[in-house]
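You will see two complexes here that share chain A, one where it goes with chain B and one where it goes with chain C.
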Partner chain A sequence: MAPVTSPPDPAKVTDPPPGRYSSDAAGLGRLRAGAFVAPALALIAVFLVFPALWVIYLGLMNYRLTGLAAADPKFVGLDNFLQAISDPGFWDSTWLTFQFVLGSAVIGQVLLGFTIAWMLRDWRGPLKRIVEGLVILAWILPSAVVSFLWVALLDRDSGTLNALLGIEGFAWLLDHPMLSIIIFNTWRGTAFSMMLYGAALGNVPPSHLESARLAGASGWQQLRDVVFPHIRGHILTNLLLISLWTFNDFSPFLLTAGGPDGKSEVLAVHVYKTALQSGDLGYGAAISTVILLINLVVAVFYLRLLRSKR
Partner chain B sequence: MTRFVAGRIGVYTLIAVLLAFFTIPLLWLATAPFTSDPSYEVRLPDFTFENFQMIIEHPYALWSLVNSLVLSIGTAVLVVVLSALAAYALSRVRLPGRDALLYALLLLSSIITGTAAMVPLFQLAIELNLIDSHTGLILILSGGLLPAAIFMIKDFMDTTPKSYEESARVFGASPLQIVAHVVVPLVRPGLATIAVWTVANVWGNFLMPYLLLSDVDKQPAAVIMYTLYTEGGQANLKVLSTFGLLYSIPVVIMYLFVSKKYGFRFHGGIKR
Partner chain C sequence: MVLRRRPMGVAAVVAATALGLAACGSGGGDSGGGGGETVELTITQNAIAGGKNAAAADHIANWIIPQFVAAQKAKGKDVSVKFLPSGVDDEQYKTKLSLDLKSGKGADVIDIDGIWAGEFAEAGYIKPLTDVVGPEADSWEGWQQIPEAVQGLATFQDKKYALPVGTDGRVLYFNKTLFGKAGLPADWQPKSWQEILDAGAKLKTSGVPVPIQINAGTAMGEATSMQGVLPLLAGAGGEVQKDGKWTGASQPLKDALGLYQKIYGGGLGDPKLQQEAKGRDKSFQQFAEGKIGILMEGDYFWRGVVNPKDGVAKMADRDQVVGYAKIPAIEPGKGVRGQDFVSMSGGALRTVNPASEHPKEAFELLAFTLSPEALKEETKDGNVRITPRTDVNKEILAGEPLLTYISEEVLPLTAYRPPVAVYPQVSVALQEATAAVVGGTAADQAAAAYQSKLEGIVGGAGNIAS
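After this line comes the complex of A and B, so read on.
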C-alpha cells in the first residue's frame, strides 16, 4: 500500500485510499475475500474433510448398521484393522484390485491410448475424427448404460460377442469375471490416455523425429530415443492419475456385482458389500482407511511430480 | 517400398480392429431401441417408435430423468457460484496460508473418493437426516466436486488481466459490482466449462444416489437403469434400451456442444 504521506504518483492513481480498500485489483480486502471463500470451504469441510476424518474414527469402533452395536458402539482400537489383515477375503480383494489396476489401467489403457495417439498423430480428416469420437464416446456415456451394454455384449446365449466368435454358451461374466471387467475398463477409459498422449506427442519437435528418420532409425528406435524422453513426464502423470481412478472405480459392481462368489470383488466393491450390505460399518471403515492411505501415497507422489515440472 | 506398403496395411488393419472394438459394444444402443422385439443380439432394426411410447407410460423412467436433471442443475449452480467466488478471492487476494490451502484442496479432491468415503458419508447422511433428500445429495456431491472446480476456475481467473477491475474501481464500482459486471463476463468460458463438467459428473454418478436415495420416486436415471437390469426376473429390453438411449443423449449433445464451441481443451481433472 502506498504511504499516505507521499504525493499521489500519476502511475499509481488507481491505488486505493488507505484504510478503505486493500491493494488487490478489485478492492476486495481480506475480510470480504474470506467471506467469498468461506461458503465453498464450509461445504468441503463438512462433506469431504469431515468424512475422511470420521472414517478413521469409525474404523476404531465396532459400529454396525443394525443391532446392539448400532445403538451402543464401543471403542475396539485396532481390532478392525487386525481383522482385515487376517481375513483372506481382504487379501483376495486386494490382489484382484491389483490385477484390475495393472491389467486395465497400466497395461490396457496406456498401451491402447498411446498406440491410437501414435498412429493418428499425422492424420487429418474424417477417419481420425471417427476413431477419436468413438473412443471418447465410450468414456463419456453414463457408467450405468455402458455397463449394461457390456452385459448385453457378453451375454451367454444371445450376446453379440459369442455370435461373432461362434462360441454360443460361453459365459464370460461367470467363468472369466476378472478378464471381463479388465477389458471393459480398458474400453471405457482409454480416451483419457489417448487425449493426453495426443497432446504430448504434439510437443515432440518434428525436426528431431525427422533427423532420426534421416539417420535411419527404425520406428521403434524413434519411439525409444526421441519420443519417450520428451513425454516421460506425461507418461508418469498419466500412470498415476489412471491408477488412482481405476483403484477407486466402482463400476465393476455394475457389471458383475463382485461375483460370482467374490471372484471380481475389487476393494471398492468389497467395502460396499461388507459395510453397507452386511452392515459391518466399523470393518468397512477400516478398509476405507486403507484405501485412503493408498490414495494419499499415490496423490502425494503425483503432486511432487507436478511441482518438480514447474 | 514393399516395407512401406506392408506397414500401411498393418496400420489400417489395426485401425479396423480398434474401430470394431470400440464400435461393437455401442451398436446395441443404436439398434435395439428401434427394434420391435429386441434381444441381446445386435440386429438390423425395423425402425419402430413403439418403445418410446413404453417409456412415456413407464412409472419411473421419465421421472428419473427429471431427477437426474434436478440433481445435475442444482449441483452445477452451487458449484459454479461457490467455486467462482472462492477462486476469485484466492486469485486476487493474498490470504494468509493461501498456497497451503490450494495444495490441501488438490490433495483432498484426489484422495477422498466416493469409494473411500462411502461409509462415513452414508452415516453422515443418516445423522443429518439427508437420506432420500435431493438437497442433501446436492450438498454432498458439491462438497466432492468443489476442490477440483476451484482449481480449474482459478486458472482462468489468474490469466484474466486485472486492469479492467482496476479501471472499474476508478469509476467507483463496489467489489460485488466488479465481480458481477466485470469478472464474470471475462471468465464466462471458464464458468461454462465448470458447469458442463459438473453436470456430466453428476448425470453419470451412480454410487452416491444409489447409497443415499432409497425412494424410487427420487432416484435418478443412473440408479433406475441399474434397477431395470438387475431386479425383477427377465429384463425388459425394450424399456432398457430405449431408456439407456434417452439417458445417454444429453451427455453426447453436451460433449458435441463443448467441443464445437471451445474445442475440446485438455483438462487434467475433467473426470474423476
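After this line comes the complex of A and C, so read on.
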C-alpha cells in the first residue's frame, strides 16, 4: 500500500511510461529500501570509496615510505601527476599492460575458454570433468604456488620446459618476458571464461541450432548466426571482468619481478616498485589514480557496448 | 570503482577479510605491562631456520631466547621472547619493516641494515636509543669495545640509534680449481683491473662458462652497489659523496661503468644473470658448482653461502677450493685516497622499536645478544663473523683465515657509504646505470643519465660535483 515512489528521472517523465513495471516492485518505499542497502553501501564507502579518495589525496603529497617526507609530508599539488604523465617509464608500463590485457585476457583467455567450452558442450562423463577440473585447478591454486611451478618450468638452467625441448640455457623469462607472462596468465585465468561460456552455451536453445543445421549451416555459420547473438551479453560481461582483473593483476611480479630491466613491468608492478620498493608513496598514489581512471574508461566502454543492444 | 553490483560487495568483503587477517598477522603481541605480569618480547631479523641466515635464526631461537628467559627468571622477572623469522630479499625486508614501524607495530628488537638508519631516523621509525630506553643505552659496557668506524654505522646526526651488530668487507673470491686449469696461480692477487680482465680471458679460453661475476642491475638491489659499482668507483679513485657533494658523471664513474662494459660486453660475464629476478642466488649456486671463476662478494659469501655446514650453496671443499684476493684499484695508487687496493664495508644494526611497550627489557635483550658470551656462542662451530667487539674478535677470528684476512688486510683500507637518508635512492640510480651498461648502453651515456637522475634525487645540480 505504500505510495509508489517517483520513477527514475532521466527525461523528467511525469507518469510512468505505459507498459513498464513499477520501479518499486517490492513495495518497500525509499526509506526501507534504503535501510536494506545501507550496510552494503557502508562497506563500499569504507573499503572502496574512502581508500580511493585517500589515494587521490596521497597523490597530491610528496609522501614517502621513509625519510623526512614520511614524518612530515608536504602538499605538492599536481606535481606527481605531471611527473607521471611525462615519465616514459609510466607509458612503457601502460603499453605493456595493454599488451598483457589484450594478449592474455581478450585473446588468450576468451578464445581458449570459449574453445574449451564449445568443445566440451556435448561431452558427458568423467573425461569432461577431468578436463574441467584441470582447467579450474589452474585457477584456484594460490598464486605463490603457481608462480613457483612456472619458475621451475621456465628456468633457463634447470627448467622442465628446456629439459623437454632439449634447449638448456634458453632464457624464457629474460628473452621473452611478456610472452611468458601472457601465456602464464592465459593458462591461469582460462577457467573463468570456460565456466561462464559453458553456462552461456547451455542457454542457447538446441532447437535453434537444430534448425540451423537442417538448413545446412556450417559449424562457423552456426556459431556466428545462432550462438553469438545469444551469448553476446555474456561475452561482454566476461570481457569486462577479465580485462579489469588482468589490468590490475600483480602475479606477473612473482614470475619476472617486472624485469629484466622493466621489460615486463606492467602497471600493477610499476606501482609496487615505485611506491613500496623505492618508497615513493605519493608518486605511487598518483599513478594509482591514473590507473583508476583508465579502469573507469575501460569499464564505461564495455558497459556502453553491453547496453547498446538492450 | 567500477562494478556497481554484487561484485563490489564481494570485493568489499574480501578486502575486509584481508585487512582483518593482516591485522592479526602483525603486531608484537605485547599485552599489559607492569609488575608481576609476563613481559612478552619479540625479536626479528631477516633470518629463518633452514633458509636465509639459518645459523643466526637458530642461534636466536635455541640459545639467546632460553638463556635470556632463564637469566631474567633468576632476577625474578617473568619474560617470554618470540622470534619472528623472515627469509626474503633485503629490499623486501626493508619494505616490511618500514610498514610495520610506520603503523606503530613490529617486533620489539629489530635488525636493520646500517644504511637504512638515516631514512628510518628521519621518518621517526627509530629514535635515539637514550630517548627510547634511557641512559642505560649510553652506559652499555660494549661501547668501549667497539671501534670508532663501527660505532659510526649506528650514528646519525651525532646520536646513536642502535647497537652495531658487526661489520664486513668485500674481496674477490676465485675458484682455485678453475684457476689451476687456466694456468693461473692459486695465490692470485691482481694489482690492476687489467689483470682481472686478463685472468677472465684465460678462464674463458679454458672453458669456464662465467669467468667473472660482478653484480649489476637493479634486481640484485644493494648487492649491486656494495659488491659492484661502489668498490669499482673507489678503485677508480671516486666516492659517491665527498665533502657534502655528490659525484655526478665523473671520470671514476665512467671508468667503473667502463669495466662493466668490458666484462659483460666482452663475453667475460653473463649479462643475463644480472637481470634475473633471483640472479644473485643463482650466482651463488653457479660459483658453488664451479661455473664462475671470479666473484666479487662480501664475507657473508664465505660465512653464509659456501659455508660447508649451513650455507645456502654449500661447498664441502670450500677451504681448499675458494681463494680470495683484495680488490685492486684501476692501477696501483689510483684508488680512493691513493690506495692500491679498496673495499667497501657496511654492517647491520640492532635497535629497540620506539613503539615497544617494554623498552627497558627490550634493550636488555638487545644488549644480551651482543654480550661477549652470546657473540662467542653465535660464532662457534664455523659460524665466525666479524663482531663489533674487539675483545670478542681477538678470540674468535684466530682460527678463521678469511675473516682474519678481512679484519687485518681489508678493513684498514675500506670505505663506508654516506650515512645520509637519501643514499638508498642514489644507490638505486647507480644500479640502474650498471643495468644500462650491461644491457649495451655506452658507459658515458649511462653516466650522464645517472647524473640527471641524481639531480632530481639530491635537489638540483648545485649539490653535485662534476
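By definition in this document, the second predicted complex is superposed on the first by the 248 of 310 C-alpha atoms of A that agree within 3 Å, B and C clash if a C-alpha of one lies under 4 Å from a C-alpha of the other, contacts with A are read in each partner's own complex, and residues count from 1 in each chain.
Here, a contact is a pair of C-beta atoms (placed from the backbone, for glycine too) under 8 Å apart; a residue touches a chain by one contact, two chains touch by 3 or more.
For clarity, every value in this text was computed on a predicted model and none was experimentally measured.
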First, second, both or neither for A:285, with chain B first and chain C second: first
TODO: Pick one for A:40: touches chain B only (first), chain C only (second), both, or neither.
DONE: both
Could you say whether A:143 touches chain B, chain C, both of them, or neither, answering first, second, both or neither? first
Query = Just chain B (first), just chain C (second), both, or neither: which does A:276 touch?
reply = both
For A:102, select first, second, both or neither according to whether it touches chain B, chain C, the two together, or no partner.
neither
- Task: Quick one: classify A:30 as touching chain B (first), chain C (second), both or neither.
- Result: first
Quiz item: A:239 contacts which: chain B (first), chain C (second), both, neither?
Solution: neither
The answer to whether chain B or chain C touches more of chain A is B
Report task. Return first, second, both or neither, reflecting whether A:261 touches chain B, chain C, both chains, or no partner chain. Result -> second
- Query: Looking at the overlay, what does A:295 touch: chain B (first), chain C (second), both, or neither?
  - Reply: both
Shared chain A footprint, chain B vs chain C, residue numbers 40, 43-44, 46-49, 52, 157, 241, 244, 257, 276, 292, 295-296, 299
Note: in the complex, chain A contacts chain C through residues 40, 43-44, 46-49, 52, 64-68, 70-71, 156-157, 171, 173-174, 241, 244, 255-257, 259-261, 276-279, 292, 295-296, 299
The answer for chain B against chain A in the complex is residues 11, 14-15, 18-19, 21-29, 32, 39-42, 78, 82-83, 85-86, 88-90, 92-95, 103, 105-124, 139-140, 142-144, 146-147, 150, 162, 165-170, 175, 178-179, 182-183, 200, 203-204, 206-207, 211, 221-223, 225-226, 229-230, 240, 244, 247-248, 251-252, 255, 264, 266, 268, 271-272
The residues of chain C that touch chain A in their complex are 1-3, 7-9, 11-13, 15-16, 19, 91, 95, 98-99, 102, 116, 118-120, 122-125, 217-219, 272, 275-277, 282, 421-422, 424-425, 428, 435-436, 439
In their shared complex, chain B is touched by residues of chain A numbered 13-14, 16, 21-22, 24-30, 32-34, 36-37, 39-41, 43-44, 46-52, 54-55, 58, 63, 112, 115-116, 119, 127, 130-131, 134-153, 155, 157-161, 163-164, 187, 192, 195-196, 199, 237, 241, 244-245, 248-251, 254, 257, 267-268, 271-272, 275-276, 281, 284-285, 288, 291-292, 295-296, 299-300, 302-303
